[in-house]
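Notes follow once the structure below has been shown.
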Amino acid sequence: MKKFKILLTTLICMMLFSQSSYAGSERLILTGSSTVAPLALEIGKRFEQLHAGVRVDVQTGGSTRGVLDARSGTADIGMASRALKGTEQDLTSHLIGMDGISIILHRNNPVKMLSNAQIIAIFTGKIRNWQQVGGENRSITVVNKAEGHSTLELFLHHFSLKNSQIKADVIIGDNQQGIKTVAGNPNAIGYVSIGTAEYEEAQGTAIKRLPMAGIAPTTEQVRLGKFPLSRPLNLITKGKPSSLAQSFIDFARSPAVRDLVEAQFFVAVASQH
Amino acid sequence: MIWSKPSSLLLLPRNIDRLWQPLLAGMAVLCAVLLLLIVAFLLKEAIPALHDGGWRSFFNDQSWYPLENMFGLLPMLWASLAIVSLALLLAAPLGLANALFVRFYAPSFLVTPYRLMLALLAGMPSVVYGLWGLTVIVPIIAAYHQPGTSVLAASLVLALMILPTVALTCLAALEAVPSSLHAGAAALGMSKQGLLLGVIVPAARYGIGAGMVLATARALGETMVVLMVAGNVVQTPHSIFDPVRALTANIALEMGYATDLHRAGLFTSGLILTLLVLVLAWFAARTMHKYQYA
Amino acid sequence: MTINNSTTAYTLGNMTLGQACCTPVPHLQIKKLSIAYAGNTVLDDVSLDIYKGCITALIGPSGCGKTSFLSSLNCLLALIPQASVTGHIYFDRDDIIHDAIDTMRLRRRIGMIFQKPNPFPLSIRRNLTLPLREHGVRNRYLLAEKVEQALKDVGLWDEVKDRLDGSALALSGGQQQRLCIARALVLEPEILLMDEPCSALDPIASGVVESLIKRLQGRYTVVIVTHNLAQARRVANYAAFFWMKERVGTLIEFGRCVNVFEHPRNPLTLAYVRGQAG
Amino acid sequence: MPERMFTLLIWGAALLVTGALLWLLADTVLQGVAHLSWAFIVDAPEHAGRDGGIGPILVSTLCILGVALLVSLPLGLGAAIWLAEFSRQGGFLGQIIRLSLDVLAGVPSIVYGLFGNAFFSLFLGFGFSILSGGLTLACMIIPVFIRSCEAGLSAIDHGWRHGALALGMSRSTAVWYILLPAAAPAIIAGLMLGIGRATAETAALIFTSGYVDRMPESWMDSGRALAVHIYDLSMNVTGGNAAAYASALVLVTLIVLLNVLAQAMTDRWVKRRIFSA
């Protein structure tokens, strides 16, 4: 009985202590795009080092979620891998980088190039074998994204497709899952963020990016504004952000994080000027 | 005298039970109210999708494309049912056979380790089954039929996952059969096979049945395994190699990203799942009821 | 009729053998008692006095409501859902059926021994100290003293004094039943209700318990249900004979043990005690 | 069907199942051990979990489990005691509560996740946090725990109950000193079932306790559970399989250890009940 009481007291003390430590520190909550999240996480870590007592929590949830959380106040800052839509003009976006969307194949797939028409035919199920586009005699595994991701929306918009037209074999959630799926299947075709794909390739993952409309899917082409399927990476706030959020946004847009942005293979805004 | 003898028996409000009873009753009611709370919150979140006859779209729409405001749940419902029934088709006979093995065939030195193994695997997290299915079963199926993630993969892993539970519940039901029945049948000169199939298994049928229903409920509610190995493509399955998305996987996959009507749609599928489980629980309770009075 | 606190009847001590006082003063008065389960009457219209310091045996065939009658005396019947009791049971001026009484206190004063020995799954010592603590005895020395005395009273002390902290469930059936009696005695009750206390025991253990019951006479008021007519005859001062009439149990005859067994007034009683019916 | 065929069939089924299960077990243990080290257990994850360890995740997992048990144990035990010892037999309230508990026990974990997200995270404003996750898990294990405890209490010989009451003991005393220790095996079984379910749970935690794989600093911080980490590594992280298997091994070992611990603690409790004077 005595031991139990001691245990209970300790627990309560721990709770009080942790509560007070929580109250003493400032916290920034970022939610939204899974494309921006890894970058925001890295920026957050550096930001924490510079600002003692600040904790930056990053949760993924898709661009639309980021927009809505910023609007509702659930998050201090939303993350979106797209521009704000017409219905979202009540919010403010802060550009922190640029990214593109690239078609990816398994590294061992001999196919070097696909035209837009071929891509559409593959994703709508009209072409079902790699032989039809100059590859080996294998059936194609189409990897599509789950609804709610801006990557999917941009891809569909670019090729003027509806999601219901796509005949997918596998549906994936995050960029990383798409890359893992394609890397594990020699017959797969998918599309992911260029930044994520370049990062993964640098890590030795067995994927390759395909040029689109003859333009190589690289950070360089996105920077030059030549790559057709490119998009802004934004931080979203409602009204005037808190001073902490403002300093985080300023920090994320400053040259101080340029190496982080480039390490994730995105185009840093600071370099555009 | 340490305590004085009560001069009267008249009630004094000293009884400690009077303190505990309402407290404990309150706890019990609180636990039960949880069900109401869950249903209420699911309904509250699902209302935007249900009102104005919106619920009809869940059954009338062709398929699930929230971006295009199509909320047909039927393909996923069929997928869930296909996966579960195939898994049960595999797990039920194998589980029963394993229970018979442990009870009547296994050499005595094997019985305890075998039971331990079953108990350990029954407690294995489903995400571990999913991980194993994703890295072992899916590539094997993919070698025969792309992409590997399919109804078959999900059913196989799910069957393996519920097998220990099925075997253990069947075993419990078999052990509940009185041994006098055993001796009686053996005295009639019945063969072991005749004894098991003709006497023991029928005598244990209600216990076995209830175990199966519980296993079905568990398989139907399982999320991680189907999310990881079924492929998650929304379509009505036409072959066991088709990748499909189950109702539970749909919630797990899209919940983090869903907003507005889409989110409401996911809560609706949660409601439908709960309803399915309710029916199964009622069924199991009825089976058990029969069992008690058989 | 009230209990005099100063009498020595309730102090513990080595019990003496042989006849002690058995005065025909009613300790419990039962008036027109009827018991029904879910509307089916099982015992109808029983009126009976239980005499102070005497052993009263309840005899009769199975199912005639003897056990129900016994459990109504300490309000244990109220635990069974749908059981209803009508009539009056007077104890210490209170009607325990109709007055708002503290059943916990009532049961401390009216102990009960069950057919199947039911020592708690605790140590032998704890079986005795737990009820004492519940009723406010906290002093360690006093507890130890009372435990020893109770065990000596039931003749168990020499058998278990070396293993008081061993599990009570390790005792033999007869020892368990004596422990249960000790557990009831340690609370210094006034009345002991015994529901076939020997029927689950072997003949030797049964003999030991029976002699123990006999020694309780004069110090406690005992009501004992038994199917063993010879035993009833050996231990009881009074006997009550119950019988089923049209599926409803009722009291046929009550009187001094000798009278009921030797010169019954009712032919049914005669047939039963002679072994011709029941 | 000849007798021998049937025997062969039974043995075949046993071998098949044992083979498959041992395959799974061996894979988990062998692949897990290959990546396992002390550093893996205490370090923080790096590169999305490819490198580094699972230290903060282990802490989050135990915190979530702690919250779940702290809430569900007293509540569940109290409810079970009321159902078994205080409620009127065949009473209306008792029946309703039992029925809803049966339904709750069958509700899929993902539905608990939906509820936890809507109720704890959003309605009560706990956000993605260890508190939300723990409370959601508590809701999930309470029905299983109650039913197990109640079954254990109901299976106890009525003689003890009557004996205690006939001695003028209160029901509360009888429950605390006699019935609970006697029902201890069933209570541990329920506890183990609950711990097993809570530790293994993934789906209900994704939307309640969240993904953050850093060391939690308060109950309101988001914390990634081990099961969620395994899911993330296997689905989202290229080259994460080795770490996933190592985490899986840690998770399974953790569940076994917690079971042993629960068993030992209950044993001690029962002994104290028997022997303290």
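Should a chain be cited, it is by its letter among A, B, C and D, assigned in written order, with residues numbered from 1 in that chain.
Basically, a residue touches a chain if its C-beta (ideal position, glycine included) is under 8 Å from a C-beta of that chain, and two chains touch if they have at least 3 such contacts.
Predicted model, so just to flag it, every value in this text is computed and none were measured.
Chemist: Going only through chains that touch each other, how many steps at minimum separate subunit A from subunit C?
Modeler: The fewest steps needed to get from subunit A to subunit C is 2.
Chemist: Any chains in contact with both subunit A and subunit D?
Modeler: Both subunit A and subunit D are touched by B, going by the contact rule given at the top.
Chemist: If you average all the Cα positions, which chain's own average lands nearest?
Modeler: Measuring from the global C-alpha mean, the nearest chain centre belongs to D.
Chemist: Compared with subunit D, which chain's mean CA position is the farthest off?
Modeler: C
Chemist: More contacting C-beta pairs: C-D or B-D?
Modeler: B-D
Chemist: Where the centres are mean C-alpha positions, what is the separation of subunit B from subunit D, in Å?
Modeler: The mean C-alpha positions of subunit B and subunit D differ by 16 Å.
Chemist: For subunit C and subunit D, let me know how many angstrom lie between their CA-based centres, rounded off.
Modeler: 48
Chemist: Would you kindly tell me how far, in whole Å, the mean C-alpha position of subunit B lies from that of subunit A?
Modeler: 36
Chemist: Mind checking the centre-to-centre distance between subunit B and subunit C? Centres are C-alpha means, answer in whole Å.
Modeler: Centre separation, subunit B to subunit C: 52 Å.
Chemist: What are the residues of subunit A that contact at least two other chains?
Modeler: Those would be 60, 173.
Chemist: On subunit B, where are the residues touching two or more other chains?
Modeler: If we look for residues of subunit B contacting two or more partner chains, we find 15, 256.
Chemist: What positions in subunit D touch 2 or more of the other chains?
Modeler: Residues 170, 173, 235 of subunit D touch two or more partner chains.
Chemist: Which residues, counting only subunit D, touch subunit C once they are in their complex?
Modeler: Going by the criterion above, the answer is residues 88-90, 157, 159-160, 162-170, 173, 177-178, 181-182, 273-277.
Chemist: Quick one: which bits of subunit D touch subunit A in the complex? Just the residue numbers, please.
Modeler: 47-48, 70, 122, 127-128, 210-212, 217-222, 235-240
Chemist: Which positions of subunit A touch subunit D when the two form their complex?
Modeler: Per the touch definition, subunit A meets subunit D at residues 11, 15, 18-19, 21-22, 25, 29, 38, 55, 57-60, 74, 173-174, 176-177, 179-180, 183, 200, 203-205.
Chemist: Over in the complex, which subunit D residues touch subunit B? Could you list them?
Modeler: Listed in rising order, the residues of subunit D that touch subunit B are 1, 3, 6-7, 9-11, 13-14, 16-18, 20-25, 27-28, 74-76, 78-79, 81-83, 86-87, 93, 96-97, 100-115, 117-119, 123, 139, 142-143, 146, 170-173, 192, 196, 199-203, 206-207, 227, 230-231, 234-235, 241, 244-245, 248, 251-252, 255-256, 259.
Chemist: Taking the touch rule as given, give the residues of subunit A at its contact with subunit B in the complex, in rising order.
Modeler: Of all residues in subunit A, those touching subunit B are 60-62, 64-65, 68, 138-139, 141, 144, 146-149, 152-153, 156, 162-164, 168-173, 184-185, 187-188.
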